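As written, the chain order gives the labels A, B, C, D and E, with residue 1 at the start of each chain.
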Amino acid sequence: MYMGVVVGSVVATQKATSLVGKKLMIVQPINSKGEPVRFEEVASDTVGAGIGEKVLFVRGAAAHRSFAKTPNAENDVTDASIVAIIDQFDK
Amino acid sequence: MYMGVVVGSVVATQKATSLVGKKLMIVQPINSKGEPVRFEEVASDTVGAGIGEKVLFVRGAAAHRSFAKTPNAENDVTDASIVAIIDQFDK
Amino acid sequence: MYMGVVVGSVVATQKATSLVGKKLMIVQPINSKGEPVRFEEVASDTVGAGIGEKVLFVRGAAAHRSFAKTPNAENDVTDASIVAIIDQFDK
Amino acid sequence: MYMGVVVGSVVATQKATSLVGKKLMIVQPINSKGEPVRFEEVASDTVGAGIGEKVLFVRGAAAHRSFAKTPNAENDVTDASIVAIIDQFDK
Amino acid sequence: MYMGVVVGSVVATQKATSLVGKKLMIVQPINSKGEPVRFEEVASDTVGAGIGEKVLFVRGAAAHRSFAKTPNAENDVTDASIVAIIDQFDK
């Protein structure tokens, strides 16, 4: 899992059927000091995350499983999902 | 998912059977400012993306699922697919 | 597998159902000299690791398998797990 | 998928049974200008690629699927395969 | 697949059941000149590799398949395995 901050969303009319109705958020990965690391990615939101919120996101099969019980999951192209909104870091 | 811009395509006569008929686009990953990040990758096009267009692409099993209902999917070697054409970034 | 040191944990009220009850530890990857490499990740703890301890963590499907026998594993979103506490490096 | 140039091969007597009879090529990833990027990897050849040729290679499950119909595929350890020889880049 | 040199091993008393009895080797990735690249990883040994030996290692599902026929493979947490000892590079 990766920590990130939501910085925006992607608008796309022409896309895979399985992405219709999903919110495609732009996430800047961060460390636990809130500093940006690596590069922005795009993740499907599953928890109602808004711009500016710190989140946890996952990649790969785990992201797919967050949509495991949706229709047509067998051809879902999700490879990144926001799975939690971070309240705070305990250190 | 990753943001990218299509910069060209790959011509390959000798290739895995499962790649025949697929458009193999060269994608330069970008951030939401449109700046290049990391290095070029090659992704199978599923949405009719042309050179110069901004796209979303996915990696791994998700890319494979974009061809889940094609013949011989069980030996498909796709590990990256373009799954959306980006209209704009909302920030 | 990657070596890391636990530096904290993530508190998240709003999260995927499959993360409820899991301890989400912040792990700083290290090399065998104990020096930090790359960037912090977040991993579900399966061995009772505490802050300051050196651990092994895994990514992807392997992390998911560490929860293979838990309820609702089919929609578990774990993509990183702590699977061992490191006693020492033999070199 | 990634672009690369074949720079050599690996000779290994002691290896997983599933690698016996596979050509293990050393591939230097490149961009579409032919410039080296990142670091060398080793990929099983499926298209008869020779030293100096530009190729496409894939990682992970996709590489495994390139050997999906071979004997003992269920314990095949391939995680990277050369799947095409590049004739040219169209840009 | 990646080239590496074995630099040590990890001693861990408290670990996932599926790791008991596996040799957890610390591997420094290298290129075909023998130069170190990226950072150390830890891989389960399947070929009897010793410290100082050059090896091939794999990640992800391929590493898991190297233990496909062991007991309790369904909850095996291996995500990296040493699958060959390198005799030489042909270039």
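Keep in mind that, in the parts below, contacts are C-beta pairs under 8 Å (C-beta built on N, C-alpha and C of every residue); 3 or more make two chains touch, one makes a residue touch a chain.
Please read these numbers as outputs of a predicted model, since none were measured by experiment.
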If you average the Cα atoms of chain C and of chain D to get two centres, how far apart are those centres in Å?
31
So, what's the distance in Å between the C-alpha centres of chain D and chain B?
19
Residues of chain C whose C-beta touches two or more other chains
60-61, 63
Graph class of chain-chain contacts, one of line, ring, star, complete, other:
ring
Note: ring order chain B -> chain D -> ... comes to B, D, E, C, A
Looking at the complex, which residues from chain E come into contact with chain C?
7-16, 18-19, 24, 26, 39-44, 51, 60-61, 63-64, 74-80
Considering only the defined contacts, which chain B positions touch chain A in the complex?
1-3, 29, 31-32, 37-38, 46-48, 56, 58-63, 65-66, 68-69, 81, 83-91
